[in-house]
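Listed next: structures, encoded as structure tokens.
In what comes next, subunit A is part of two complexes: it sits with subunit B in the first one and with subunit C in the second one.
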Partner chain A sequence: MSAIAAKPGANAGAFQPVASVIAIILAIIFIGVAYFLGNSGILAGGAMLPAQTLVGIIVGAALIAFGVHFVPVGGAPAAMGQSPGIATGVAMLATGAGLAGLFGGAWAASLGFGVALAGGAIGGGLMMAITCLMVNISYVYGMGIPAASGKVEKDPITGDSQAAYKSQGTEGHGLPFISYVGGVIGGLFGGLGGTLIYIELLDFYNASFPALNIAGEGASALAVGLAGIFAIGMFLVIAVLSAYNITGTIEGPHDPKFKRFPRAIVAAICASGICGLVALLVVAIL
Partner chain B sequence: MQEIIIGIGVTALAGALAAVAGAAEDTESNIGSQGDPNSQVQLAPQMGYTHRIYNKAVSGEPPAYTLWVTLACGVAWAFLMMNVNAVLAIIFGTVLATFVQGIYATTAYLGRTASLSKFGQPVFIDVLKSVTTVTMGHAFVAIFTTVTACYLMSTMLHHPFALPLLGIVWGLALGAAGSATGNPYYGKERQYQNQKFGAGVPISASGNIVRYAEAGQRSSIDNGFFTAKLGGPASGLCFGLIVFFELWRTVLFEQVAGGWGAVIVGVIIILVFMIIDRYVEKWARKNYGPYTAEA
Partner chain C sequence: MSVKVEASHDGIPHNKVMGMGLILALVSLYIAVAASYAGIQYLAFFGGIAAVGALIWGNSTIKKLCSYGIGTGVPSAGMLAFGSGVIAMLFAAKLAVISPFIVPIAGLIIALIVGLILGWITNSVLNMKIPVMTRSIAELAAVGCLALMGLTVVATGHVTFAEITSINFEFLGVSMNFYDVSYIGAGIIAVSFMLGAIALQHPFNACLGPGENQDRINMLTIECGFLSMIVMAVISFAFVNSIAAWISLIIALIGWYWSYKKYFALSKRDAAAWLDAKPFSDAEE
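For the complex of A and B:
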């Protein structure tokens, strides 16, 4: 069977029900394994802590996957004013925003769960707000190009007409206001999800290190370092996965490609399940 | 009170260092042609336009800068653990990271240009010898300032992350911010200088980059003075604002309302930037006008 003989009419962004059900079942199996590990004492912290941590990691990953779809990315064409969005790759831009959020959230981790999550979200949103503003300044003042989208007739938020401000031979350029707001929301979700993963892992490591007779100043630094590295690693996994779902470029929440996000969320649930399990099992080999 | 005053001073210094880092990062990535516009440098020989432009994009800027800044932070951290003077430790780390960047640039240029040999694109050894050291110089500035900012955050502001972990976070943010702001300027204004100002490049013109410059064939070294006109300062402003506001809202307002003060101030800052952006967008629409008569 060749690619040409593939089923006609198969939509690139179509939701795959069978694969999604299998992914969700796999995630439930992983949570069950975590519960079993906690119950049998292989992982310290009590029966519920590993399973709780894994559920928190999975929720964080789903938030990250959802947030990445909001970020407007134009890739290489955007660097020449041929398509709207930011002229960087999806995965790296989303990761940059999420890590800036993680930085703020980790700083506020000692002040409480809600404050840390909010701080992480705001950190990511702030980085995207500043970056999107400077991108627009670069287009408007450096290149003399107004922002216009090629996918909609009118901006959904401001009602500005788009077609007349799009230069000939291009698909649009710059960041229309809906793309800007999409970028900020994407940064908010990314920072929120990354910080959630970090805090869940940090609490788990802090709870399980005393059982392994690792205590004192070095233990907390080790917990922070391990949790930070695993949070960054999982962020990259989820961001790249979502970038594949987007197939490269997306204009923002108004883009028809945005409707593909359920697939990415299901895939993120499954991927983060196994990655989270590895992060939990690291304690068992220490 | 004294904690807050020291914190504000450190925040201002870190913000200024970050601004320099952003400008140097964008200049380095434009001289070495590493951002997204490098796709055109790679495409041009395939469309029959051979050139003498450097070609360094093995990866995008964010992961590359993550590598170099984290390397520098890691080596600096190791030296700091051995009680070496902080400035010396950071310089040792930065020098090592700059050498790694030089190796990265050399192998990237040789590999990527060699892969275009069947289109007749030559590998210019004099380009390799002249441009590589220029990119290394700019990379040194970018890496040194970022590592110093990370060191300040770790030591003076007591961030829980260790120095190498901060290097990953801020190296990636530096690459992302510099890439986002500086790439369109390099791509549209420099590579497509012959296109009319004030409009995007039509898709039919892809690959036809400017290859002949003020005197003779264009060399990537000249991208340095060009970037310093707008792309570099804009990228520096972007990354400097990011670092400054991220630190400022935490240092000043974290004690207010049990930590929620920093969150509320962050929301206000985001709304202010949103209003500024809307103003810029409307200014452009009013002053530039539509390309075709509005229907």
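For the complex of A and C:
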């Protein structure tokens, strides 16, 4: 069924001004609710901490949504060598990159904010770099197909011509250099965003636990567990919404579908607003 | 932009499947919650039944949603469902400080609210223009929430936030709360997250295409649900007493074996031809 959907209509890339404005207003309302709940003492840490945390989560989500658009997702056609990209769906790829980054960032969380974010970004980028390399090895040496993009005549970075290597009846195949670079950039953004969400939630939970009388043996492990599962959940929601935006497959930053990313960022801001608010409410003082 | 591909029309309409799955899930969850409130651990297996009910509902929704080409494949719907479901489920568990009996219904309502907003974003901001999108994503979030709640009940016997975030030990006469060995502190929720998400997205993904039949998909859903329940029942040895864990495990094994046999028979029924291949050919013949 996804094969039919791979041919989107003409207006699929159009920006929706009215809906986008409503979405942004909704996100601002969610931040306002977090501020109000912090001010009235339902959320711990005073008025500013919940609002700050939610803003951090929203920024992280926007980074994830932006990053997903760089990743060369091929889907089922790529598995048959009929279109460029990595032969699986966005949900799997972004999750792999994001979670690799999240683990990297989580290990470095005790070393400070900046180190943790850098660790997360490098973790995600490294995971995508290795994936892209092994994908190209299996394409070139396993399936015997060269890397060629179907969307551009020349590779925007190296200037290599693409059309001559493209097989007839396909949209290109393999992972051209620009797609590889896009994959690594996407992994960097995804890991960075996932780690940002995780660290913001972790700090907030650690600040909230004393008010909930959660202290003593393993309270920090509980904060890690809660922040981790929420970061994973939110990451998946944002990644799937971004996947809907690109209707499944994209070649990388040179693909015309890449220009749709503002919509995904607006969607991610609103979606992470509601998800993040509920995640903050889990440690509400009732 | 979307082309509707008709999945099979036979069998029970979606609303009826949804109603049956929802009632099965909620009734089972309430039995489990009441048992945990009364201090009986032996009824924790009802959580698995609740998960199966929610998954049957979810598969019908996924079938409806994915009959419009969403372009990202069926698994993404399962991931979205559990990504939003886990958030709603934990917040509902937190509301147990009011009363443990509001947890299942609160989870359902919170998940529907979160899902409606996500569905509206998908349809309006992302311009998917799929008529059933908003409703389907709301339903999927509710399914994710209820299925995860069910698996949580199998593993721990409880749905309340206090019980799934800490384990109370009597040690030298002093009662102590340990957080790092709890369901969430030890990260077991991540296991149930993935087990539930795979059980939700697999059946339709495996059965779609020509010759797809509702009863076969539902049987595969039940099989996947019980398969996830087996793992959660094994994990439950760490949280509930061993007799309750054995009850859950045996019920999960029986349910899985029964549904697997049924699914196998239905696959044979729907197959064009059946060759009973043997792993080793007899050299003499």
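What we mean here is this: the second predicted complex is superposed on the first by the 274 of 286 C-alpha atoms of A that agree within 3 Å, B and C clash if a C-alpha of one lies under 4 Å from a C-alpha of the other, contacts with A are read in each partner's own complex, and residues count from 1 in each chain.
One rule holds in what follows: a contact is a pair of C-beta atoms (placed from the backbone, for glycine too) under 8 Å apart; a residue touches a chain by one contact, two chains touch by 3 or more.
These figures come from a predicted structure and were not determined experimentally.
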| item | value |
| --- | --- |
| Superposition on subunit A - do subunit B and subunit C clash or fit | clash |
| Partner chain in contact with A:78 - subunit B first, subunit C second, else both or neither | first |
| Which superposed partner A:237 touches (first subunit B, second subunit C, both, neither) | second |
| First (subunit B), second (subunit C), both or neither touched by A:228 | both |
| Which of subunit B and subunit C A:95 touches, first, second, both or neither | both |
| Which superposed partner A:115 touches (first subunit B, second subunit C, both, neither) | first |
| Touched partner set for A:107, first subunit B, second subunit C, both or neither | first |
| Partner chain(s) touched by A:281 [first = subunit B, second = subunit C, both, neither] | second |
| First (subunit B), second (subunit C), both or neither touched by A:248 | second |
| Part of subunit C, among the options 132-140, 150-158 or 204-212, whose backbone runs into subunit B after overlay | 204-212 |
| Residues on subunit A lying within both footprints (that of subunit B and that of subunit C) | 75-76, 89, 92, 95, 221, 224-225, 228-229, 232 |
| Residues of subunit B that touch subunit A when the two form their complex | 35-37, 39-40, 60-63, 159-162, 165-166, 168-170, 172-173, 175-177, 179-189, 191-192, 197-206, 230-231, 234-235, 237-238, 241-242, 245-246, 249-250, 254, 258-260, 262-263, 266-267, 269-270, 273-274, 276-278, 280-281, 283-285, 288, 290-295 |
| Residue ranges of subunit A touching subunit C (in the complex, touch as defined) | 1-6, 8-9, 11-12, 14, 16, 19-20, 22-23, 26, 75-76, 89-92, 95, 214, 216-219, 221-222, 224-226, 228-230, 232-237, 239-241, 243-245, 247-249, 263-264, 266-267, 270-271, 274-275, 278-279, 281-284, 286 |
| Subunit A partner contacts - residues on subunit C that touch it in the complex | 1-3, 5, 66-77, 79-80, 82-88, 90-91, 94-95, 97-98, 110, 114, 117-118, 121-122, 124-128, 161, 165-166, 176-182, 184-187, 189-190, 193, 208 |
| Residues of subunit A touching subunit B in the complex | 75-82, 86-89, 92-93, 95-97, 99-100, 102-104, 106-112, 115, 118-119, 122-123, 125-127, 129-147, 158, 160-161, 163-173, 175-177, 180-181, 184, 221, 224-225, 228-229, 232 |
